[in-house]
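Should a chain be cited, it is by its letter among A, B and C, assigned in written order, with residues numbered from 1 in that chain.
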(Lines give C-alpha, C1' and ligand atoms only; values in the text may rest on other atoms or scores of the structure.)
Protein backbone atom coordinates (compact mmCIF):
# COMPACT_ATOMS: atom_id res chain seq x y z
CA UNK A 1 0.00 0.00 0.00
CA UNK A 2 2.80 2.36 0.89
CA UNK A 3 6.38 1.99 -0.13
CA UNK A 4 9.09 4.50 0.69
CA UNK A 5 12.79 4.45 -0.03
CA UNK A 6 15.21 6.99 1.31
CA UNK A 7 12.37 9.35 2.07
CA UNK A 8 13.50 12.86 2.88
CA UNK A 9 11.64 15.97 3.87
CA UNK A 10 13.16 19.38 4.23
CA UNK A 11 11.53 22.60 5.32
CA UNK A 12 13.94 25.16 3.97
CA UNK A 13 17.32 24.21 5.35
CA UNK A 14 15.85 22.18 8.21
CA UNK A 15 15.96 18.48 7.53
CA UNK A 16 13.10 16.69 9.27
CA UNK A 17 13.32 13.27 7.66
CA UNK A 18 16.66 11.91 6.57
CA UNK A 19 16.21 8.81 4.51
CA UNK A 20 13.34 6.71 5.84
CA UNK A 21 12.46 3.32 4.38
CA UNK A 22 8.98 1.98 4.80
CA UNK A 23 6.99 -0.97 3.54
CA UNK A 24 3.35 -1.28 4.41
CA UNK A 25 1.49 -4.12 2.70
CA UNK A 26 -2.28 -4.24 2.30
CA UNK A 27 -3.95 -5.21 5.56
CA UNK A 28 -0.84 -4.37 7.53
CA UNK A 29 -0.68 -2.37 10.75
CA UNK A 30 2.44 -0.26 11.05
CA UNK A 31 3.20 1.44 14.33
CA UNK A 32 5.57 4.39 14.16
CA UNK A 33 7.19 5.44 17.39
CA UNK A 34 9.83 7.93 18.36
CA UNK A 35 10.44 10.91 20.60
CA UNK A 36 9.05 14.40 19.95
CA UNK A 37 10.63 16.03 16.97
CA UNK A 38 11.68 12.78 15.36
CA UNK A 39 9.47 13.46 12.37
CA UNK A 40 6.52 11.14 13.05
CA UNK A 41 3.96 13.77 12.14
CA UNK A 42 5.87 14.75 9.02
CA UNK A 43 6.10 11.12 7.93
CA UNK A 44 2.38 10.65 8.39
CA UNK A 45 1.55 13.82 6.52
CA UNK A 46 3.68 12.62 3.62
CA UNK A 47 1.95 9.24 3.62
CA UNK A 48 -1.48 10.86 3.73
CA UNK A 49 -0.60 13.02 0.75
CA UNK A 50 -0.60 16.34 2.58
CA UNK A 51 2.97 17.13 1.65
CA UNK A 52 5.41 16.14 -1.05
CA UNK A 53 8.77 14.57 -0.24
CA UNK A 54 11.96 16.57 -0.81
CA UNK A 55 13.90 13.45 -1.78
CA UNK A 56 13.65 9.71 -2.10
CA UNK A 57 10.66 7.84 -3.44
CA UNK A 58 7.22 7.45 -2.01
CA UNK A 59 4.53 5.29 -3.59
CA UNK A 60 1.06 5.41 -2.06
CA UNK A 61 -1.38 3.04 -3.60
CA UNK A 62 -4.83 4.31 -2.61
CA UNK A 63 -6.00 7.50 -4.20
CA UNK A 64 -6.86 10.58 -2.17
CA UNK A 65 -10.48 9.68 -1.56
CA UNK A 66 -9.57 6.30 -0.09
CA UNK A 67 -7.25 7.58 2.62
CA UNK A 68 -8.44 8.53 6.08
CA UNK A 69 -6.31 10.88 8.17
CA UNK A 70 -6.27 11.92 11.79
CA UNK A 71 -3.85 14.70 12.67
CA UNK A 72 -2.99 16.76 15.69
CA UNK A 73 -5.70 19.22 14.75
CA UNK A 74 -9.30 18.17 14.56
CA UNK A 75 -9.95 19.26 10.97
CA UNK A 76 -13.44 20.20 12.12
CA UNK A 77 -15.33 23.48 11.86
CA UNK A 78 -15.81 24.77 15.37
CA UNK A 79 -19.03 26.59 14.64
CA UNK A 80 -20.74 23.70 12.88
CA UNK A 81 -22.45 20.86 14.71
CA UNK A 82 -21.08 17.35 14.76
CA UNK A 83 -23.72 16.33 12.26
CA UNK A 84 -23.01 19.25 9.96
CA UNK A 85 -19.28 18.62 9.99
CA UNK A 86 -19.71 14.96 9.10
CA UNK A 87 -22.32 15.80 6.50
CA UNK A 88 -19.91 18.21 4.83
CA UNK A 89 -17.15 15.65 4.65
CA UNK A 90 -19.63 12.98 3.69
CA UNK A 91 -20.65 15.00 0.67
CA UNK A 92 -17.08 15.83 -0.33
CA UNK A 93 -16.08 12.17 -0.07
CA UNK A 94 -19.27 11.03 -1.82
CA UNK A 95 -20.08 8.64 0.99
CA UNK A 96 -22.96 6.37 -0.05
CA UNK A 97 -25.93 6.30 2.32
CA UNK A 98 -24.40 9.24 4.06
CA UNK A 99 -26.95 9.76 6.79
CA UNK A 100 -27.02 6.17 7.90
CA UNK A 101 -23.25 5.93 7.98
CA UNK A 102 -22.91 9.18 9.97
CA UNK A 103 -25.53 8.00 12.44
CA UNK A 104 -23.79 4.69 12.85
CA UNK A 105 -20.35 6.24 13.44
CA UNK A 106 -21.67 8.79 15.90
CA UNK A 107 -23.30 5.95 17.77
CA UNK A 108 -20.17 3.80 17.72
CA UNK A 109 -18.09 6.62 19.18
CA UNK A 110 -20.68 7.61 21.74
CA UNK A 111 -21.49 10.99 20.21
CA UNK A 112 -25.08 10.47 19.07
CA UNK A 113 -26.55 12.57 21.87
CA UNK A 114 -24.25 15.46 21.04
CA UNK A 115 -24.87 15.34 17.31
CA UNK A 116 -26.60 18.72 17.16
CA UNK A 117 -24.13 20.50 19.40
CA UNK A 118 -21.47 22.76 17.97
CA UNK A 119 -17.93 21.47 18.10
CA UNK A 120 -16.92 24.59 20.03
CA UNK A 121 -18.92 23.22 22.98
CA UNK A 122 -17.22 19.84 22.93
CA UNK A 123 -14.62 18.68 25.40
CA UNK A 124 -11.19 17.80 24.07
CA UNK A 125 -12.02 14.11 24.24
CA UNK A 126 -15.26 14.54 22.33
CA UNK A 127 -13.46 16.53 19.64
CA UNK A 128 -10.98 13.69 19.26
CA UNK A 129 -13.80 11.18 18.96
CA UNK A 130 -15.53 13.26 16.30
CA UNK A 131 -12.22 13.62 14.47
CA UNK A 132 -11.98 9.83 14.48
CA UNK A 133 -15.50 9.62 13.07
CA UNK A 134 -14.36 11.96 10.32
CA UNK A 135 -11.34 9.81 9.57
CA UNK A 136 -13.40 6.63 9.36
CA UNK A 137 -16.38 8.21 7.64
CA UNK A 138 -15.71 7.22 4.06
CA UNK A 139 -14.57 3.72 4.95
CA UNK A 140 -11.04 4.31 3.70
CA UNK A 141 -8.67 1.56 2.61
CA UNK A 142 -5.74 3.24 4.34
CA UNK A 143 -5.96 4.92 7.71
CA UNK A 144 -3.17 7.28 8.77
CA UNK A 145 -3.63 8.16 12.43
CA UNK A 146 -1.32 10.53 14.28
CA UNK A 147 -1.44 9.74 18.00
CA UNK A 148 -5.12 8.78 17.98
CA UNK A 149 -5.35 8.12 21.72
CA UNK A 150 -4.55 11.72 22.61
CA UNK A 151 -7.13 13.29 24.92
CA UNK A 152 -9.34 10.22 24.97
CA UNK A 153 -10.70 9.21 28.35
CA UNK A 154 -10.98 5.58 29.39
CA UNK A 155 -14.28 5.05 27.62
CA UNK A 156 -13.10 6.79 24.46
CA UNK A 157 -9.91 4.76 24.39
CA UNK A 158 -11.92 1.57 24.71
CA UNK A 159 -14.15 2.58 21.82
CA UNK A 160 -11.11 3.25 19.69
CA UNK A 161 -9.48 -0.03 20.69
CA UNK A 162 -12.63 -1.81 19.59
CA UNK A 163 -12.72 -0.04 16.24
CA UNK A 164 -9.09 -0.75 15.55
CA UNK A 165 -9.46 -4.38 16.50
CA UNK A 166 -12.51 -4.78 14.25
CA UNK A 167 -10.93 -3.17 11.23
CA UNK A 168 -7.31 -4.18 11.57
CA UNK A 169 -7.57 -7.24 9.39
CA UNK A 170 -9.48 -5.67 6.52
CA UNK A 171 -7.95 -2.20 6.38
CA UNK A 172 -4.40 -0.95 6.36
CA UNK A 173 -3.18 1.20 9.23
CA UNK A 174 -0.29 3.57 9.74
CA UNK A 175 -0.36 4.81 13.32
CA UNK A 176 2.06 7.09 15.13
CA UNK A 177 2.11 6.85 18.88
CA UNK A 178 4.05 7.66 22.00
CA UNK A 179 2.94 4.42 23.53
CA UNK A 180 3.79 1.52 21.20
CA UNK A 181 2.94 -1.08 23.78
CA UNK A 182 -0.74 -0.31 23.65
CA UNK A 183 -0.91 -1.22 20.00
CA UNK A 184 1.57 -4.09 20.20
CA UNK A 185 -1.06 -6.84 19.82
CA UNK A 186 -2.35 -5.30 16.59
CA UNK A 187 0.95 -4.27 15.07
CA UNK A 188 2.27 -6.28 12.16
CA UNK A 189 5.29 -4.02 11.62
CA UNK A 190 7.14 -1.40 13.56
CA UNK A 191 9.17 1.62 12.70
CA UNK A 192 11.13 3.59 15.22
CA UNK A 193 12.28 7.05 14.22
CA UNK A 194 15.36 8.45 15.90
CA UNK B 1 -18.78 18.36 -13.80
CA UNK B 2 -21.86 18.04 -11.64
CA UNK B 3 -19.63 16.59 -8.94
CA UNK B 4 -17.41 19.65 -9.15
CA UNK B 5 -20.31 22.06 -8.93
CA UNK B 6 -21.83 20.03 -6.12
CA UNK B 7 -18.57 20.37 -4.19
CA UNK B 8 -18.50 24.11 -4.81
CA UNK B 9 -22.12 24.37 -3.63
CA UNK B 10 -21.42 22.30 -0.54
CA UNK B 11 -18.49 24.50 0.40
CA UNK B 12 -20.25 27.77 -0.34
CA UNK B 13 -23.29 26.69 1.63
CA UNK B 14 -21.05 25.88 4.58
CA UNK B 15 -19.64 29.40 4.53
CA UNK B 16 -23.08 30.98 4.38
CA UNK B 17 -24.22 28.83 7.26
CA UNK B 18 -21.17 29.79 9.32
CA UNK B 19 -21.71 33.48 8.74
CA UNK B 20 -25.40 33.29 9.53
CA UNK B 21 -24.48 31.64 12.78
CA UNK B 22 -21.61 33.84 13.85
CA UNK B 23 -22.98 37.07 12.36
CA UNK B 24 -19.74 38.90 12.93
CA UNK B 25 -18.32 39.72 9.51
CA UNK B 26 -21.38 41.07 7.70
CA UNK B 27 -22.49 43.59 10.30
CA UNK B 28 -18.91 44.80 10.65
CA UNK B 29 -18.55 45.30 6.91
CA UNK B 30 -21.86 47.12 6.75
CA UNK B 31 -21.02 49.45 9.59
CA UNK B 32 -17.58 50.03 8.11
CA UNK B 33 -18.86 51.06 4.71
CA UNK B 34 -21.47 53.40 6.16
CA UNK B 35 -18.93 54.98 8.51
CA UNK B 36 -16.59 55.44 5.58
CA UNK B 37 -19.29 57.32 3.68
CA UNK B 38 -19.70 59.69 6.59
CA UNK B 39 -15.96 60.22 6.78
CA UNK B 40 -15.97 60.98 3.06
CA UNK B 41 -18.55 63.67 3.55
CA UNK B 42 -16.20 65.44 5.89
CA UNK B 43 -13.17 64.65 3.77
CA UNK B 44 -14.61 66.14 0.58
CA UNK B 45 -14.24 69.89 0.52
CA UNK B 46 -17.04 71.92 -0.98
CA UNK B 47 -17.05 72.13 -4.74
CA UNK B 48 -15.06 68.95 -5.18
CA UNK B 49 -17.21 67.99 -8.08
CA UNK B 50 -19.52 65.08 -8.39
CA UNK B 51 -16.89 62.77 -9.83
CA UNK B 52 -14.92 62.84 -6.62
CA UNK B 53 -17.74 61.10 -4.80
CA UNK B 54 -17.83 58.34 -7.42
CA UNK B 55 -14.15 57.74 -6.89
CA UNK B 56 -14.64 57.56 -3.15
CA UNK B 57 -17.34 54.95 -3.57
CA UNK B 58 -14.74 52.68 -5.03
CA UNK B 59 -12.28 53.35 -2.25
CA UNK B 60 -15.02 52.41 0.21
CA UNK B 61 -15.90 49.24 -1.67
CA UNK B 62 -12.32 48.06 -2.00
CA UNK B 63 -11.52 48.57 1.67
CA UNK B 64 -14.79 47.07 2.84
CA UNK B 65 -14.09 44.04 0.71
CA UNK B 66 -10.63 43.83 2.26
CA UNK B 67 -12.21 43.76 5.69
CA UNK B 68 -14.33 40.79 4.73
CA UNK B 69 -11.55 39.04 2.85
CA UNK B 70 -9.17 39.23 5.78
CA UNK B 71 -11.47 36.94 7.72
CA UNK B 72 -12.62 34.79 4.86
CA UNK B 73 -10.40 31.82 5.65
CA UNK B 74 -10.62 32.17 9.42
CA UNK B 75 -12.96 29.16 9.92
CA UNK B 76 -10.54 26.96 8.01
CA UNK B 77 -7.60 28.14 10.06
CA UNK B 78 -9.24 27.45 13.41
CA UNK B 79 -9.54 23.70 13.32
CA UNK B 80 -6.77 23.13 10.83
CA UNK B 81 -9.62 22.38 8.45
CA UNK B 82 -7.52 23.40 5.46
CA UNK B 83 -5.83 20.02 5.68
CA UNK B 84 -9.20 18.32 5.77
CA UNK B 85 -10.32 20.04 2.58
CA UNK B 86 -7.03 19.39 0.83
CA UNK B 87 -7.27 15.69 1.69
CA UNK B 88 -10.75 15.37 0.26
CA UNK B 89 -10.96 13.97 -3.25
CA UNK B 90 -12.52 17.15 -4.62
CA UNK B 91 -10.62 19.35 -7.03
CA UNK B 92 -8.60 21.90 -5.03
CA UNK B 93 -9.87 24.73 -7.19
CA UNK B 94 -13.37 23.93 -5.91
CA UNK B 95 -12.22 25.04 -2.48
CA UNK B 96 -11.30 28.42 -3.90
CA UNK B 97 -14.45 28.71 -6.00
CA UNK B 98 -16.77 27.80 -3.14
CA UNK B 99 -15.15 30.35 -0.87
CA UNK B 100 -15.10 33.06 -3.54
CA UNK B 101 -18.78 32.44 -4.26
CA UNK B 102 -19.64 32.85 -0.59
CA UNK B 103 -17.60 36.05 -0.31
CA UNK B 104 -19.39 37.32 -3.41
CA UNK B 105 -22.75 36.73 -1.75
CA UNK B 106 -21.58 38.67 1.32
CA UNK B 107 -20.28 41.54 -0.76
CA UNK B 108 -23.49 41.80 -2.76
CA UNK B 109 -25.49 41.70 0.47
CA UNK B 110 -23.49 44.66 1.77
CA UNK B 111 -23.87 46.57 -1.47
CA UNK B 112 -27.63 46.14 -1.44
CA UNK B 113 -27.55 48.52 1.51
CA UNK B 114 -24.42 50.50 0.70
CA UNK B 115 -25.29 51.57 -2.84
CA UNK B 116 -28.67 53.07 -1.95
CA UNK B 117 -27.00 54.71 1.03
CA UNK B 118 -24.41 56.21 -1.29
CA UNK B 119 -27.15 57.46 -3.60
CA UNK B 120 -28.82 59.01 -0.61
CA UNK B 121 -25.72 60.68 0.83
CA UNK B 122 -24.01 61.78 -2.33
CA UNK B 123 -25.54 61.29 -5.74
CA UNK B 124 -27.54 58.74 -7.68
CA UNK B 125 -25.91 55.85 -9.48
CA UNK B 126 -26.95 54.93 -12.98
CA UNK B 127 -27.21 51.49 -14.52
CA UNK B 128 -23.67 51.54 -15.88
CA UNK B 129 -22.26 52.34 -12.46
CA UNK B 130 -24.15 49.46 -10.88
CA UNK B 131 -23.07 47.15 -13.69
CA UNK B 132 -19.51 48.25 -13.02
CA UNK B 133 -19.89 47.38 -9.35
CA UNK B 134 -21.37 44.00 -10.22
CA UNK B 135 -18.57 43.10 -12.61
CA UNK B 136 -15.86 44.35 -10.29
CA UNK B 137 -17.35 42.28 -7.45
CA UNK B 138 -16.45 39.12 -9.33
CA UNK B 139 -12.85 40.23 -9.76
CA UNK B 140 -12.56 41.35 -6.15
CA UNK B 141 -13.87 38.06 -4.83
CA UNK B 142 -11.91 35.85 -7.18
CA UNK B 143 -8.55 37.55 -6.68
CA UNK B 144 -9.17 38.51 -3.07
CA UNK B 145 -10.07 35.01 -1.94
CA UNK B 146 -6.98 33.66 -3.63
CA UNK B 147 -4.68 36.26 -2.08
CA UNK B 148 -6.30 35.77 1.33
CA UNK B 149 -5.40 32.09 1.15
CA UNK B 150 -1.82 33.06 0.31
CA UNK B 151 -1.73 35.58 3.13
CA UNK B 152 -3.01 32.91 5.51
CA UNK B 153 0.30 31.10 5.09
CA UNK B 154 2.22 34.19 6.06
CA UNK B 155 3.32 35.26 9.50
CA UNK B 156 1.92 38.75 8.99
CA UNK B 157 -1.49 37.62 7.82
CA UNK B 158 -3.72 40.68 8.22
CA UNK B 159 -0.93 43.09 7.43
CA UNK B 160 0.00 41.59 4.14
CA UNK B 161 -3.36 41.03 2.51
CA UNK B 162 -3.97 44.72 1.69
CA UNK B 163 -0.45 44.99 0.25
CA UNK B 164 -1.05 42.04 -2.02
CA UNK B 165 -4.53 43.08 -2.97
CA UNK B 166 -4.34 46.82 -3.67
CA UNK B 167 -2.08 46.78 -6.75
CA UNK B 168 -4.32 44.13 -8.27
CA UNK B 169 -7.41 46.13 -7.36
CA UNK B 170 -6.25 49.22 -9.25
CA UNK B 171 -7.53 48.05 -12.64
CA UNK B 172 -10.86 47.23 -11.04
CA UNK B 173 -11.13 50.72 -9.63
CA UNK B 174 -10.29 52.20 -13.01
CA UNK B 175 -12.97 50.10 -14.65
CA UNK B 176 -15.53 50.86 -11.99
CA UNK B 177 -15.02 54.60 -11.84
CA UNK B 178 -14.82 54.74 -15.61
CA UNK B 179 -18.14 53.04 -16.09
CA UNK B 180 -19.71 55.48 -13.66
CA UNK B 181 -18.39 58.74 -15.03
CA UNK B 182 -17.57 58.10 -18.66
CA UNK B 183 -20.07 58.90 -21.40
CA UNK B 184 -19.01 55.60 -23.00
CA UNK B 185 -19.17 53.07 -20.18
CA UNK B 186 -19.09 50.14 -22.57
CA UNK B 187 -15.30 50.10 -22.84
CA UNK B 188 -14.84 50.07 -19.10
CA UNK B 189 -17.41 47.35 -18.57
CA UNK B 190 -15.74 45.23 -21.20
CA UNK B 191 -12.39 45.79 -19.53
CA UNK B 192 -13.84 44.68 -16.20
CA UNK B 193 -15.27 41.57 -17.79
CA UNK B 194 -11.86 40.76 -19.30
CA UNK B 195 -10.13 41.30 -15.97
CA UNK B 196 -12.60 38.94 -14.34
CA UNK B 197 -12.12 36.28 -16.97
CA UNK B 198 -8.32 36.43 -17.04
CA UNK B 199 -7.77 36.48 -13.31
CA UNK B 200 -10.47 33.96 -12.53
CA UNK B 201 -8.77 31.52 -14.86
CA UNK B 202 -5.40 32.10 -13.25
CA UNK B 203 -6.80 31.70 -9.76
CA UNK B 204 -8.63 28.58 -10.78
CA UNK B 205 -5.52 27.07 -12.30
CA UNK B 206 -3.05 27.96 -9.56
CA UNK B 207 -5.02 27.53 -6.34
CA UNK B 208 -3.84 23.96 -6.18
CA UNK B 209 -0.27 25.17 -5.70
CA UNK B 210 -1.17 27.58 -2.96
CA UNK B 211 -2.61 24.92 -0.68
CA UNK B 212 -0.34 21.97 -1.25
CA UNK B 213 3.14 21.55 0.09
CA UNK C 1 29.81 23.97 -11.19
CA UNK C 2 32.80 26.09 -12.16
CA UNK C 3 32.28 26.21 -15.91
CA UNK C 4 28.94 28.08 -16.01
CA UNK C 5 30.37 30.88 -13.87
CA UNK C 6 33.71 31.16 -15.56
CA UNK C 7 32.34 33.34 -18.32
CA UNK C 8 30.89 35.86 -15.91
CA UNK C 9 34.03 37.91 -15.30
CA UNK C 10 34.56 38.22 -19.04
CA UNK C 11 30.96 39.27 -19.52
CA UNK C 12 31.29 41.75 -16.68
CA UNK C 13 34.29 43.31 -18.38
CA UNK C 14 32.36 43.50 -21.64
CA UNK C 15 29.40 45.07 -19.86
CA UNK C 16 31.66 47.72 -18.34
CA UNK C 17 33.09 48.50 -21.74
CA UNK C 18 29.65 48.76 -23.30
CA UNK C 19 28.31 50.97 -20.53
CA UNK C 20 31.34 53.21 -20.91
CA UNK C 21 30.86 53.30 -24.66
CA UNK C 22 27.20 54.14 -24.34
CA UNK C 23 27.93 56.93 -21.89
CA UNK C 24 30.37 58.41 -24.34
CA UNK C 25 27.93 58.06 -27.20
CA UNK C 26 25.04 59.50 -25.27
CA UNK C 27 26.79 62.55 -23.93
CA UNK C 28 29.25 63.37 -26.63
CA UNK C 29 28.26 61.80 -29.90
CA UNK C 30 24.49 61.70 -30.25
CA UNK C 31 22.95 64.89 -31.64
CA UNK C 32 20.95 67.10 -29.33
CA UNK C 33 17.20 66.84 -29.61
CA UNK C 34 15.52 69.95 -30.96
CA UNK C 35 12.59 69.94 -28.55
CA UNK C 36 13.95 68.77 -25.28
CA UNK C 37 17.61 69.52 -25.30
CA UNK C 38 20.00 67.86 -22.98
CA UNK C 39 17.32 66.26 -20.83
CA UNK C 40 16.39 64.02 -23.69
CA UNK C 41 19.67 62.17 -23.26
CA UNK C 42 18.41 60.37 -20.25
CA UNK C 43 15.90 58.74 -22.55
CA UNK C 44 18.71 56.57 -23.93
CA UNK C 45 18.98 54.95 -20.54
CA UNK C 46 15.42 55.29 -19.32
CA UNK C 47 13.84 53.23 -22.07
CA UNK C 48 16.35 50.34 -22.02
CA UNK C 49 16.10 50.22 -18.24
CA UNK C 50 12.31 49.99 -18.49
CA UNK C 51 12.51 47.30 -21.14
CA UNK C 52 15.02 45.37 -19.06
CA UNK C 53 12.74 45.59 -16.05
CA UNK C 54 9.91 44.07 -18.08
CA UNK C 55 12.26 41.36 -19.30
CA UNK C 56 13.35 40.55 -15.75
CA UNK C 57 9.76 40.27 -14.56
CA UNK C 58 8.97 38.07 -17.53
CA UNK C 59 12.00 35.91 -16.78
CA UNK C 60 10.98 35.65 -13.15
CA UNK C 61 7.49 34.58 -14.17
CA UNK C 62 8.87 32.00 -16.59
CA UNK C 63 11.04 30.46 -13.88
CA UNK C 64 8.05 30.56 -11.57
CA UNK C 65 6.01 28.60 -14.05
CA UNK C 66 8.84 26.08 -14.38
CA UNK C 67 8.96 25.77 -10.62
CA UNK C 68 5.26 25.00 -10.37
CA UNK C 69 5.64 22.44 -13.09
CA UNK C 70 8.83 20.74 -11.97
CA UNK C 71 9.05 21.62 -8.28
CA UNK C 72 12.80 22.07 -8.56
CA UNK C 73 14.17 24.54 -6.02
CA UNK C 74 16.62 25.86 -8.59
CA UNK C 75 13.76 27.54 -10.44
CA UNK C 76 12.50 29.18 -7.28
CA UNK C 77 15.85 30.84 -6.70
CA UNK C 78 16.16 31.91 -10.32
CA UNK C 79 12.66 33.34 -10.24
CA UNK C 80 13.42 35.26 -7.07
CA UNK C 81 16.65 36.73 -8.42
CA UNK C 82 14.91 37.67 -11.68
CA UNK C 83 12.19 39.50 -9.85
CA UNK C 84 14.64 41.13 -7.49
CA UNK C 85 16.60 42.48 -10.41
CA UNK C 86 13.39 43.52 -12.12
CA UNK C 87 12.41 45.51 -9.07
CA UNK C 88 15.81 47.21 -9.00
CA UNK C 89 15.52 48.16 -12.64
CA UNK C 90 11.91 49.17 -12.09
CA UNK C 91 13.02 51.55 -9.37
CA UNK C 92 15.68 52.93 -11.71
CA UNK C 93 12.97 53.39 -14.34
CA UNK C 94 10.98 55.47 -11.89
CA UNK C 95 14.10 57.43 -10.99
CA UNK C 96 15.24 58.12 -14.55
CA UNK C 97 11.66 58.83 -15.61
CA UNK C 98 11.35 61.32 -12.81
CA UNK C 99 14.60 63.02 -13.80
CA UNK C 100 13.41 63.15 -17.38
CA UNK C 101 10.10 64.65 -16.30
CA UNK C 102 11.89 67.29 -14.25
CA UNK C 103 14.22 68.15 -17.07
CA UNK C 104 11.49 68.15 -19.71
CA UNK C 105 8.48 69.62 -17.96
CA UNK C 106 9.85 70.99 -14.71
CA UNK C 107 8.02 68.60 -12.37
CA UNK C 108 9.35 65.55 -10.54
CA UNK C 109 6.22 63.47 -11.03
CA UNK C 110 3.29 63.43 -13.40
CA UNK C 111 0.30 61.15 -13.50
CA UNK C 112 -0.10 61.71 -17.20
CA UNK C 113 2.90 59.59 -18.06
CA UNK C 114 1.43 56.12 -18.51
CA UNK C 115 4.78 54.42 -18.35
CA UNK C 116 5.66 56.00 -15.03
CA UNK C 117 2.30 55.18 -13.51
CA UNK C 118 2.54 51.60 -14.72
CA UNK C 119 5.92 51.21 -13.10
CA UNK C 120 4.62 52.69 -9.90
CA UNK C 121 1.87 50.08 -9.78
CA UNK C 122 4.34 47.31 -10.61
CA UNK C 123 6.73 48.57 -7.99
CA UNK C 124 3.99 48.32 -5.38
CA UNK C 125 3.07 44.88 -6.59
CA UNK C 126 6.58 43.48 -6.49
CA UNK C 127 7.39 45.17 -3.21
CA UNK C 128 4.51 43.12 -1.82
CA UNK C 129 6.16 40.07 -3.40
CA UNK C 130 9.16 40.56 -1.15
CA UNK C 131 7.03 41.20 1.90
CA UNK C 132 5.17 37.98 1.22
CA UNK C 133 8.34 36.03 0.63
CA UNK C 134 10.02 37.24 3.78
CA UNK C 135 7.02 36.56 5.97
CA UNK C 136 6.73 32.88 5.07
CA UNK C 137 9.00 30.12 6.36
CA UNK C 138 11.56 28.86 3.92
CA UNK C 139 10.31 25.76 2.17
CA UNK C 140 8.03 24.45 -0.57
CA UNK C 141 5.12 26.58 0.64
CA UNK C 142 7.12 29.79 0.25
CA UNK C 143 8.36 28.79 -3.18
CA UNK C 144 4.87 27.94 -4.39
CA UNK C 145 3.35 31.16 -3.10
CA UNK C 146 6.13 33.25 -4.63
CA UNK C 147 5.74 31.47 -7.95
CA UNK C 148 1.98 31.95 -8.09
CA UNK C 149 2.33 35.61 -7.17
CA UNK C 150 4.99 36.10 -9.84
CA UNK C 151 2.55 34.72 -12.40
CA UNK C 152 -0.08 37.17 -11.22
CA UNK C 153 2.49 39.90 -11.73
CA UNK C 154 3.22 39.10 -15.31
CA UNK C 155 -0.51 39.14 -16.09
CA UNK C 156 -0.89 42.40 -14.23
CA UNK C 157 1.53 44.15 -16.59
CA UNK C 158 -0.74 44.19 -19.66
CA UNK C 159 -3.89 44.52 -17.57
CA UNK C 160 -2.52 47.54 -15.74
CA UNK C 161 -1.25 48.96 -18.98
CA UNK C 162 -4.73 48.94 -20.45
CA UNK C 163 -6.22 50.19 -17.24
CA UNK C 164 -3.90 53.15 -17.15
CA UNK C 165 -4.53 53.84 -20.82
CA UNK C 166 -8.23 53.86 -20.15
CA UNK C 167 -7.75 56.08 -17.17
CA UNK C 168 -5.75 58.94 -18.58
CA UNK C 169 -4.40 60.50 -21.72
CA UNK C 170 -1.00 59.79 -23.10
CA UNK C 171 1.86 62.29 -22.88
CA UNK C 172 4.99 60.14 -22.82
CA UNK C 173 6.92 60.70 -26.04
CA UNK C 174 6.68 57.79 -28.40
CA UNK C 175 9.86 55.83 -28.86
CA UNK C 176 8.86 53.66 -31.75
CA UNK C 177 5.84 54.26 -33.88
CA UNK C 178 4.50 52.37 -36.83
CA UNK C 179 6.85 54.00 -39.30
CA UNK C 180 9.90 53.08 -37.32
CA UNK C 181 11.93 54.82 -34.67
CA UNK C 182 11.55 58.58 -34.62
CA UNK C 183 15.25 58.90 -34.37
CA UNK C 184 18.02 59.73 -36.74
CA UNK C 185 20.64 57.12 -37.59
CA UNK C 186 23.11 58.20 -34.91
CA UNK C 187 20.43 58.44 -32.29
CA UNK C 188 19.23 54.98 -33.13
CA UNK C 189 22.72 53.55 -32.99
CA UNK C 190 23.32 55.20 -29.63
CA UNK C 191 20.06 53.80 -28.39
CA UNK C 192 21.00 50.31 -29.47
CA UNK C 193 24.39 50.47 -27.81
CA UNK C 194 22.84 51.70 -24.58
CA UNK C 195 20.22 48.97 -24.76
CA UNK C 196 22.83 46.30 -25.31
CA UNK C 197 24.87 47.68 -22.44
CA UNK C 198 21.96 47.71 -20.01
CA UNK C 199 20.81 44.25 -21.02
CA UNK C 200 24.27 42.79 -20.60
CA UNK C 201 24.67 44.58 -17.28
CA UNK C 202 21.40 43.09 -16.12
CA UNK C 203 22.49 39.64 -17.18
CA UNK C 204 25.80 39.94 -15.36
CA UNK C 205 24.08 41.17 -12.21
CA UNK C 206 21.65 38.28 -12.48
CA UNK C 207 24.42 35.70 -12.70
CA UNK C 208 26.38 37.27 -9.87
CA UNK C 209 23.40 37.47 -7.54
CA UNK C 210 22.29 33.95 -8.41
CA UNK C 211 25.76 32.57 -7.75
CA UNK C 212 25.89 34.42 -4.44
CA UNK C 213 22.51 33.10 -3.34
CA UNK C 214 23.38 29.57 -4.36
CA UNK C 215 26.58 29.77 -2.35
CA UNK C 216 24.57 31.01 0.62
CA UNK C 217 22.26 28.05 0.30
CA UNK C 218 25.11 25.54 0.02
CA UNK C 219 26.72 26.94 3.14
CA UNK C 220 23.47 26.68 5.05
CA UNK C 221 22.90 23.13 3.90
CA UNK C 222 26.42 22.14 4.88
CA UNK C 223 25.94 23.70 8.27
CA UNK C 224 22.68 21.80 8.65
CA UNK C 225 24.25 18.52 7.60
CA UNK C 226 27.10 18.93 10.02
CA UNK C 227 24.84 19.79 12.93
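Here is the rule we go by: a contact is a pair of C-beta atoms (placed from the backbone, for glycine too) under 8 Å apart; a residue touches a chain by one contact, two chains touch by 3 or more.
This one's a predicted model, so the numbers in the text were calculated from it and none came from an experiment.
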> If you tally contacting C-beta pairs, which pair wins, A-C or A-B?
Replying inline: A-B
> Which one of the chains is closest to the middle, using the mean of its C-alpha atoms?
Replying inline: B
> From the C-alpha centre of subunit B to that of subunit C, how far is it in Å?
Replying inline: 32
> When the C-alpha atoms of subunit A and subunit C are each averaged to a single point, how far apart are the two points in Å?
Replying inline: 49
>> Distance between subunit A and subunit B based on Cα centroids, please, to the nearest Å.
In response: 36
>> If I count partner chains per residue in subunit B, which residues reach a count of at least 2?
In response: 212-213
>> Two-or-more-chain contact residues of subunit A, please, as numbers and ranges.
In response: 51-52
>> Where in subunit C do residues touch two or more of the other chains?
In response: 137, 139-140
> Considering the complex alone, what residue numbers of subunit A touch subunit B?
Replying inline: 48-52, 63-65, 67, 69, 71-80, 84, 88-89, 91-94, 119, 134
> Where on subunit B is subunit A touching in the complex?
Replying inline: 3, 6-7, 10, 14, 17-18, 21-22, 75, 78-81, 83-90, 212-213
> How about subunit A: which of its residues touch subunit C in the complex?
Replying inline: 10-15, 51-52, 54
> How about subunit C: which of its residues touch subunit A in the complex?
Replying inline: 71, 137-140, 142, 217, 220-221, 223-225
> Mind pulling up the subunit C residues that touch subunit B in the complex?
Replying inline: 68, 121-122, 124-125, 127-128, 131-132, 135-137, 139-141, 144-145, 147-149, 151-152, 155-156, 159-160, 162-164, 166-167
